[in-house]
Every structure is written in C-alpha cells, then in structure tokens.
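Input: structures, listed below.
Shared chain: chain A. Partners: chain B in the first complex, chain C in the second.
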Partner chain A sequence: MGYWRFVLRRLLQSAPTFALITVLIFLLVRLLPGDPASAMLGDRATDEAVARINASLGTDLPIASQFLRFLGRLLSGDLGQSQALHVPVTELIGERMPVTLLLAAYAMVLATLISIPLAFLMALYRDRPLDIALRGAFQLGLSMPTFYLGLLFLTVLGAHLRIFPVGGLGRGPVGILYHLFLPALTLALGLAAVITRSLRAAILEVLQADYIDFARAKGLSERVVLGRHVLRNALISTVTLFGINLGQLIGGAVITETVFSLPGVGRLLIDAIFGRDYPVIEGLTMCFAVLVSIIFIVTDLFQAWLDPRVYR
Partner chain B sequence: MARWQLTISATLLLALGCSGNADAAPVRGGQMIYARAWDSLYLDPVLNDANVDIWVLSNLYDTLLEPSADGKSVTPGLATAYELSPDRLTMALALRPGIRFADGTPVLASDVKFSLDRARDPKAGQWNFMLAAIDNVTAAAPDRVEIRLKHPDPTLPAALATFNTGIMPERAFMAEPGATLDDKAESFARHPIGAGPFRLAEWHRNLSMVLERNPYYWAPGEDGKPLPYLDTLRFEIVPDDATRILKLQGGEVDGAEFIPLARAAELAGDPDLQMRLFPASEVTYLTFMTRPTLKDGKPNPLTDPRVRQALNYALDKDAFIHVVHFGNGKPMTSFMPSTTPLAVAEAPLYPFDPARAKMLLAEAGFAKGFDLSVMIRAGSAEDIAVASVAQQMWGEVGVRLSLEQLDNATMTARYRAGDFQIRTGTWTNDIADPSEITAYFAYSPNIESQHSGFKDPVIDADFEASQKETDPDKRAALYREIQTRFDEAAPIAFLFESPYAVALRKPVTGFDQIPLGNNIFAATYIGD
Partner chain C sequence: MTENLLEVHGLRTEYRSDGRRFTAVDGIDFTVGPGEILGLVGESGSGKSATLRSILGLIKPPGRVEGRILWRGRDIHGLAPSALQRVRGAEIAMIFQDPMTALNPVLTVGQQIRESLAAHTDLSASDRQRRAIELLDLVGIPAAASRLDDYPYQFSGGIRQRAMIAIALAAKPALLLADEPTTALDVTIQDQIIKLIQRLAAELRMSVILVTHDLGVVAESCDRVAVMYAGRIVETAPVATLFRSPRHAYTLGLLQSMPVGRSPRTPLPFIPGAPPRPGDSLNGCAFAARCAFVGDECRHGRPETRHVGLDHMTLCRRAEALPAALEPA
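After this line comes the complex of A and B, so read on.
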C-alpha cells in the first residue's frame, strides 16, 4: 500500500467517528438537567419568562425536530447563535480558537525544546546523579497542579520581579508571544515531564540496538549517530505521545486560561456548559472532535513517514 | 396640582458619589484600567439578563432619572423634572435642553417614546414588569414626554432610573439590519450608542472592553466642564481572584472588583491600595421549601412555621459573618437589604437563641430533631462555607443537615419544580424600590415566593395595594406589614448582608458602586 492510500484510508476512518460524536453531543447536552432559560434567568425565572425564552430558542420543540433543525443548519455550515452572547457560534470560535491553538502549539514547542536535550542528557548519564535529580524534578512537576504552578509563576515572575505580565494577551506578534510565555511554560512543564521520561526510555533502547553499533563502527561522528539514528528512531514511539497530549492540551487549557486571563475556547466551553448554551457546546465540541481527529491523523502520518513499516 | 419637582443639582449629586481627595481639583484625561471578574454578555438595556451587563450599562446609556448614590431615591438625569397630574395618571417629563447622544444627534422626545415603548413591551425581555402600569407614552413636544398610566404607580420614578429604561437613539437603532426589533438589538448592542458618559470604542470578548469619553455628555464636573474626567476606561477581564489581585498589586490595573472578603484586611494594609467596601443591596439567605409534603410524598417538617423559626434562632449570624465573610457584613433586619427604600432596619432578626430553638422544635413535635438536605452551587466556596456553618449550628439543636452540590442550571430546575428542602440564595436589587424583591420573595402569584410555596393572602393583598398606593405614608405602612408578616413566617433563613468589595490604587478618586451595583465612572479620575 502506498503512502497516499494510507492517508486516504485514515481520513475515511475518521468520518463515522465524527458523525457519532455529532449525534452524541446533541443528545447529551439535552440530557443535562436544567434548560437554557432556567440557567439564564436563575432566581428570576418566572414561568412566562422561561416559556418565552424556550420558544424563541426552539428548545420547547420535540427532540427529533430540534435535531432536524440542527442537522439542517450544520449541513449549511451554520453552527447557530450563542444564546447568552447573541453572536454566531462560528464567530465566537473564530475569535477564541486561535488563542487556545497558539497556546497549545507554544506549549508543545517549549515542551520539545525542554524534553529532547534533557532526555538525551538523562539517557547518556543514566542512573548517575544528574539523571536521578532530573527524574525527581519531573516527578515533582507532574504532581504539581497546573493552577498552582501558574499562580506561582505569576506571583514571582509577574507581580514581584515584574519580568513577565500578570496574564492577558498582549498585542502584536512579539507582545502575544511575551504574554503567552508563562501560560505556555506552565502547560509545557507537565507535558515535558511525560515526554522526557518516554523519550529517555526510547533512547536507551535504541542505544543498545545493533545498527547503532554498526553506525559507530562505520566511523560516523557521535553527533550524526545521536541526531540521525538515535533521535529519529527514538521519536517514533514518542510522536504518538505528542499526539495524545496535544488533544489533552487543547481540552485541558481551561485552568491555564482562567489563571492567566486568556480568552480561549476552554473558558468559553465551561461558561457554555454552566449556562446550557446548547449551540456553543455543540459547535465547540464538534470543533474539538475535528481538531483531535486531525491531530491523530497527522500523528499517524508523521509516524508513517518516520517509519514506513507502519503503512506497509 | 401635585407637583414633585427635583431640585437638587446634578453636579452636587455626582459629587456625593465621589470620595478620596475631595480637596484636590480633579485631574482630566488619561486612562483607567479596571479588572472585572466577568465580561459583559449583551449590552442591550432591554434584553440583557445579568448583573455583568446591568452594572456597567449606565456608563453607556443614560436614563430619564438616575438612582441616588444611597440607592434610596432618584435624581435628575436626561429629564430635569417630572410632574404628576392630580389624578396621578399622567407623568410629564421635561428633557434637559441641548442633550445629545454619543454620536452627536439630539436626544428627542420621540427617542424617549421609542425606548420606553420597547422596554415595556411584555414580549421583550424579563424587565418589562417594572413598566407594566404604563398605558401609553407620547412625545408632546421635542423636549417634553407624557406618560399615561393605567393606574397610579408609585414605582414609576424609580423605574425611569433603572437600566432597562436607558434611552436609545431610534433612528440609529432602526437603521440596524434585521427583521425584528430583537434582531436589530443584537446588531446595535455590538456598537451601542447612548447618552451616558462613555461610548464603546473596542470590545474583545472575555479579554477587554474599552470605553471612551462621550464628548456630548451633559453633566458638568467639579471644574464646570462636562464629565467624564477620564479619556478612556479600559475593562480587563481577569476571572481568577488571585490573578486579579496580583495585577492590582503589580500596578497593571488601577482597580479590581469582587475582591474576596478573605483578603480585604490584607489589601487594606497595602500602602499603595485603598480597599473599599461599598454598601450594597446584597443579601445571603437559605430558602426553605414550605409545602406540606416533599416531592417524594413524605411529610415536610419545614411546613410548620415554628420549625422555620427554630432554625432561624439556632443560627449565630455574627459567627456566619465572621466565618464566611471574615467579619465584613451585618445580620439581616428584614428580607430586604437595609439599603432598600422602606426596608425595616431596626434590629437583627432572630437573635441567636439555641434554647428557644430547641423549645420551638419540641413544641412542633421534633424534640429529637430530623434530617434535612440543602442544595448548594457546586464549586462555590461561599455556598460551601454557608452550608457547613449551618450544618454545625443546626446539629447543636438536633437537626442533621446534608449538603448536595449541584451546578446552577440543575439547581434552578430542581427548585422551580419544588424538588428541594433548602437551597442557598443571594439577591441584589435592580431598582430603587421595594417592589422587585417583594414580588420575588413574598408575593406568591409571581414565583410562589422564591419557589418556596409560601403564601400569605394578606401579604399578596398588601403588595397589590402597594403597587397603586401613591401616599408615601400609607405605602410605607403596607410594606411594614408585609415585612413583619414575612419575617415572622420565616420562609427563609435570614443570614447576612454583604458589601461590594473593590480595591483601587491610591490615586483613583471618585469611583462609586451604588447599592444597586451600578459601577459609576463618570466622576472618576486618577489623581496625582
């Protein structure tokens, strides 16, 4: 099977998953107790006010007709309108998604920059004091809650030393990268801990392989051996880990977004769930589903590119 | 002819809202950055549902009258005076000469008619009940509006000072795209134009909102020139309490709202900050379900008023205030916050008396106590604290309380269905009148008194009479009876009133948050 046939098959496989998610999410949000009108009105929810809002949102119709309406809109690319914010869901996602994606990508880059050199150091100095100390440090990093780490950074590096801003998004490419550094680092440290451990193990395994001895015997420099042979082969198993964690990064950025006052989709989703803002929940969840599918596909494709045996 | 003229000068009233360096001349210009905990949702006076909108709307939209700084009366706004006919069925309002909207177009009587007609439409939003007595509004002259009533309405002046009667420019509103007024409102609310001290310059949802000075605003400042003093007012949305305080301490913002009261004392000691606790209309209480049987058909002990009174006596309110709000607050003296006009504010209700509580429980046949469950908002530190303190205090008189954490929408659905025993609640007034809170708490036809099922025909009749009673003394007497009867029947546990906690950097002067919650930035400036 060729590489492109593998790509096509992978894309076709994700279509039913996506359809299932669409139906599930539509039903699940409506199974939650409480309706949008009650969530919006709270203490002041009179029967008339609730009936008026439900009628205007169409949430008083039978589930089947609501689903047909939803499907009709979806097929024409319309995700509906936020009930609380009175703006189209596509516009909201368009505003917020870039912030979360940028944050996740930034965290990914930082995690890579941290974990590759550290994994090499730990593997090459296996069971020596440096390796043990780093492993301990990562254990600590993994067990520290994200919001606590974030607040620690904000208090020390932000409010006291004033090296970084205390949250917010900033303006212009440099401003945004500067403002997003601490939140990205907060997310990256947790991720780096996972990746470094896995990469260290993979490197150790590859270092013992015969082809590494052979490469060295050919007289290749240590840089070429480590960079071209060890890293590439060690990355194969780690790339999957990147993929799984990127999905989690996007979904789990909500705490970081709250602590660092970032207008990302994590906060949007939480607000929408508490407010029973059905169109926003549906739109965002589908968007997440598409994104995670894309990430998994890209991960698989990258893995296949690293190791052609995957599609043969 | 009955004639109630508003004579106090607007300048004086605005100055009343000011504080701080009263002797120094106000500084004009500059930007103030204010950290808000939540962003606004919908900047439409009529169709909004939440305090995040209500509390900032008056900066954009001015009303005919304005709530006073103490929240108990009204002062002139876009109208300089109003006049009632002898039969109290017609109110005539004189518009202030030369007033303009933020786009420079004049504010005409026709704009007022348009705005009030939209606000009182029974199909529009949830606030139209405050204008239900209006029969019609006419633009008698370009600067004169006449409001004809179906029956005399003592709440009308307060209603004309409430956010939902913000005056909007008819022509600009109608020029928006959309088939219906609601569709047009959605478009208009993205770039609103009003006659308030500021106009919207930028809005990045959940990140920041920038308001700029409205050069056409009518009210003069202390220096005789028009307000506001600030060139721009920037709201930054910082949802995390700790981060909001860090931004203030780090000097990135000039003020921050919703300071947790646990940190008020610490911030009060910071030499760069001023910790302000503004008198509010916020009350925290527990609502009892008072119907004879529970949703599952079992008998309900809380249907007996003696049991509800006993539960009230068993609570040490000072301890609540100490534990939940670190000493910042006061016990309730009525179901209404003490900042409400006509609120009875003589003595705290149900002083702590566990012996009396036990006696009342014994009289009601519950000498050995009973089991109760309270619904609280999941993740709300305050609700958890309130319920835990109540659990301990009621335990002392033999009542065993269990806690049930629910998200807000689930909790609302449950209490609307009468499927609860006790739930936590917090209320703030929106109008400078006792009618709103009474309609929701004590008048049974509206929402069965907070969905408690409590019903007192005398209260219902008193409330209906009070809505038409224009004699201030007679209306006060009706409200006294409503409060006495409600407080005695105790369909709620009366806990405490709390202040609005705002921290500002030292140079900020003239900011006010009135008891209704409105954030008033018109006379705010950053001093030297």
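After this line comes the complex of A and C, so read on.
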C-alpha cells in the first residue's frame, strides 16, 4: 500500500540525518574549551601528567583517527567508558534512560489528555467565559518556566498538602505512576498550553468547513462529527507542532528530573558536562539526538496516516 | 391535490455579524410534493442556500431561524438534536455546491458512505460495504468496487459530485436538497449531473429542491420553480407557466437576459443596478429601484403574495402591467 511505501521512504530519508548527527556530536564535544586531562587533574597538573592521560584516552591522536575510533566503537554499540566514573557509558545511560523516557512519555500522555478535551471545550464555547478563562490560564502557564512550576507543585502539593511525594520513584507500576505524576504534570502543562492553543484554532477553522456541514446534513451524531470529522482534520496541523515540542520536552525533562531529584539522565548529563566526561556527553547527546529524530519520524508518519494527501 | 411532503411557512433566517443582523431569508412559504422537482432560482445572496440550510437546521448560532418547517405534517424546526439526526440524511438529504470542499478530505469515499449507513440502518459491516458499491454504481461511477478506498481528491470533479450524491442518498431520503450542484463543475459535466439527479428522482421516487442560478437547468429539469430575490420568493409557478408568462418584473428580466435562442453577436438585455445588500432597510418592493415597470404603489409597504393563476403566485403589484406572454425568442 501507499502508506507503507511512504514509511520506508521516510526511514531512508533519515539516514543522512543520523550520519550528520554523529559527525556533529563528535566535533562539538571537541570544540568545548578545556580538555579532559586538565579537567581530571586540575590546574596544577604537570605537562607530563596531562600528556600521559591524553595518550591513554587517545585524545592526543589526530582528529580523523579519533573520529574513526569513535565511529567504530559506536557501530559495535560501545559508547566507551566514562572517564570520571570508569564505567561503560551504555551502562550509565541504560540505568537512567528508562526513567527519563517514562517521564517524557507520561508527560506526553498527560498533555494529550489535557489538550484534546480542553481544545474542544474552548472551541465550542468560543469567546464565552470558559474559553476566556482558560486562555488566560494558558497564557500564565506558558510564561512560567518549567523549573518554577515544578518547584511550585513540589512545595504546595508535595510539602504542604502532602498529596504527592516530593521525590523518589516508588514501587510497582502504580507507585511509579504516582511518584512521577507531579514531574510529568510539570512537563506536560507547558506542552499542553502550546498544543491546546493550536488545536483550538484548528478546530475552529475545521468547524467552518463545508464537509462538517455535509457530515451533519448526513444525520451523523455530534459525537461522530466532532470525534471523527473535526478532530482528525484539526490534528493534521497540530501534530507537527506536537512533535517539535515533544523534542523540546526531552530537554525539559533533564531540568525537571533535577528539581524532583529523579534518577534519570538529567543529573548524569550535568555532571558529565562539568567534568568534561567526553564519552558520557557524546553518548547522551547521541541518545537525545536519535530520540528526537525518532519523534520527528513518528510525527511525520502519524501526520501522513491522518492525512493521506501527504504521501500520495 | 396530493399531500405535500414539505411545507414551509413564514421561514425567516437571520445571520449576525459584528453585532448587526442580516436577514438572509425574509419570510417565505413554499411546498414540495412527492416526486416533485422544485427549482429555487435567484442570484447570489438572494437566500437560496440559507433556505436549504434552514430546512436541515444547519444555521449555526448566532444565526437564527423562525417559522414552521413541516415534514410530512410534523414541524422539524427546533427539533432536539437526536430527533433531527433521524431526519437528516434518512428523510431529507443535502448535497453541496463544491464536492471538493464538501467531502471530508481525509476519509475515503467508502468510509463516508458507510458511516451514513451505520447512522441510519441496521446493516452489518459486510452489507454496508455491498450497499456502498451499489450506491456508487447507482450514480454511474465506473468500476465502483475499486473506487471505494479512494479519497475525494483522487476523483475528477464530475465523479466527485457523483460520489457526494451517492453519499447523500445512502439512507434513501425522500427529499434531496441540491445546493447549486453544478456550479463548481465544467460545463460539459453540468448537464450529466442534472440528468443524473433527474434520473435518480424518478427511479427512487424522490423529491428534489434544486437551487441554481441557471434558468436553462430549471427549464430542463424542474416541475415547478420559485424565484427568489432579496430573501423573498417573488414568484412561484409550474415551469411551463413561468417561462411562458412570468408575472413578476424580476422574473421577466431574468428570462429576457437568457442567451438561449438569440442570434449571435446581439447585445443581451440585462437588469440594471444591483440587488439590495443584506441589512439595507427596505420600504416597498425590493426590486423597485431596478424595475422598468415600477409604479408609485411599489415604493412603500411590504408586497403581499397574490394568486395570478393556477398554482401561480407573485409578489408583483404591477403584474398586470407586464406583457401577457413572452413571445417565443
């Protein structure tokens, strides 16, 4: 079918993107000021000591050889050893990434659950008090930084009212979802604010379309008209925005994890940057870049599924 | 006389924009009998489409509809949504001007037929599929079975309009409201679609209200015709009567400006001026300012319906001043 051909084409198109990501990450880390040996040994290190460390890390080799080594290890699934912690990077990331991914996915689900009903409510009650109040609330939500919102939740709902835990992961599926609720909500609200605004506008536009009148003239129930005809067409323009913001949400997750002291990759990344722990920075950046690329691919595939005109 | 299928009494439709009210339909009465094709003609903005939309309850707030809309004797104006849904599509269906914008672009034609069937019938999924193929076949779409999974944009204009008709007819309505169904189509296709609607009306014993601004289409396909001007029906008559002896100065003007049967390169008569804009306050006949037969009595008071022959009504107070019959062109 046409759709699966499109899927294949879209996957092939992303191959150069991944190649470029690899090169950029390798170069960017090496353009950071300072070098790992000085970072490890401090200001008073002797030149001999620095040279010895550089030789053992391979950072004294020409840049092209360093890249080939980097690439070779990458292809065998080896992201190297953390220079600070002396543990394989894959192990470090493997322990923490699930928490970050879960947090991001949780936030995504919450954002969807918040924005679709709210966008419909706001569109159907356009310019009425409900719509105006929600628009105001979203304006406020959008202008509030994620870390501040997180701290607010933590203080009010966590410390004062004691409705939610202030940190940690909890046990079992329910416990984890309960413990992650506040951080996920913190992340979700910013995303939901953007998505709801866009979806509300899209719904209002679609509601004016002739095909909605035709759908009503056919005697379809309002549930079918809104749920199938309006939602699907309104989502087409919003899905791309959702994808882009989801990419940013991964970045936001790092900050939120720190605020809520969650054992995700956030802390790891920050420590690695301060310690010039090249392999860890490279590994994490690689993971984030690949993740964001996958999100964009999935977004495109979902959009094409919603709107077959994209691939025909 | 047979029982009327649809009777509309005192229909008034208002739109609201920027706090101002615009009267799109200004108190009209008309009927549609079983199997009858009623032509509703008039220029853009005369209230034809608003009339059709009002019948099906498609006027959205802050727009407002008043009057009685009797379907088989029952007033369907202001019905609860669930009751209205049982009328829409199943009893009265509607097709729109431009099938490109009136068909959902992201659903296949098959899906759009099947959802109508699901809403109005108890057919199983496989029966719905079979019926969808029958419907595409009925409206003359070649290789019907293979087109069900196509999206509207994959059809040509004429086929797309046929598909919209098939979707509208899915639940076997007794009345089809056709809102300028040929305006968006190539001239060569227009005639095919009109002939299709005529054939379906006869085969399915279905009534039609055909909105158009093309008098040629009316002459060819309608039983009766109602002429609209500035939100009112200014004249109603059987088609032959109306074309032979129009009793409203506006109808006369329309008929005289038809190019049919004229020798080429002769200037076409036209009606000077422009219709009043919606929201203009009117005193007297809305057509008075453009009328060649205008008299003092036309300039004040609201014109009332007059019977000027069998099944022949006009709002024109100067009907007697018009030529008794149009000489054949």
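Things to note:
The rule we apply is simple: the second predicted complex is superposed on the first by the 301 of 312 C-alpha atoms of A that agree within 3 Å, B and C clash if a C-alpha of one lies under 4 Å from a C-alpha of the other, contacts with A are read in each partner's own complex, and residues count from 1 in each chain.
Methods note: contacts are C-beta pairs under 8 Å (C-beta built on N, C-alpha and C of every residue); 3 or more make two chains touch, one makes a residue touch a chain.
On a predicted model such as this, the values are computed, not experimentally measured, just so you know.
Superposition note: with chain A as the common reference, chain B and chain C can be accommodated side by side.
In the superposition on chain A, A:D213 contacts chain C only, with no contact to chain B. The angle formed at chain A by the C-alpha centres of chain B and chain C is 160 degrees to the nearest 10. In the superposition on chain A, no contact is made by A:L113 with either chain B or chain C. Contact with chain B, but none with chain C, is seen for A:A45 once the two complexes are overlaid on the shared chain. Of the two partner chains placed by superposition, A:L20 touches none, neither chain B nor chain C. Counting residues of chain A touched by each partner, chain B versus chain C, the larger count belongs to B. In the superposition on chain A, A:N233 makes contact with chain C only, while chain B stays out of contact range. Contact with neither chain B nor chain C is seen for A:L68 once the two complexes are overlaid on the shared chain. Nowhere in the superposition do the C-alpha atoms of chain B and chain C come closer than 47 Å.
Note: no residue of chain A belongs to the chain B contact set and to the chain C contact set alike, using the contact criterion stated above.
Of all the residues in chain B, the ones that touch chain A in their complex are 41-42, 44, 47, 49-50, 123, 126, 182, 186, 189-190, 204-207, 236-240, 242-243, 246-247, 249-250, 252, 407-414, 416, 425, 427, 440, 446-447, 450. Residue ranges on chain A touching chain B, taken from their complex, read 32-35, 38-47, 49-50, 52, 56, 84-87, 92, 95-96, 151, 154-155, 158-159, 162, 165-169, 258-263, 267-268, 274-276.
Taken in their complex, chain C has these residues touching chain A: 53, 56, 58, 81-82, 85-90, 93-96, 98, 101-107, 115-116, 119-120, 151, 153-154, 164, 167-168, 170-171. The touching residues of chain A, when paired with chain C in their complex, are 209-211, 213-222, 224, 228-229, 232-233, 236, 306-309, 312.
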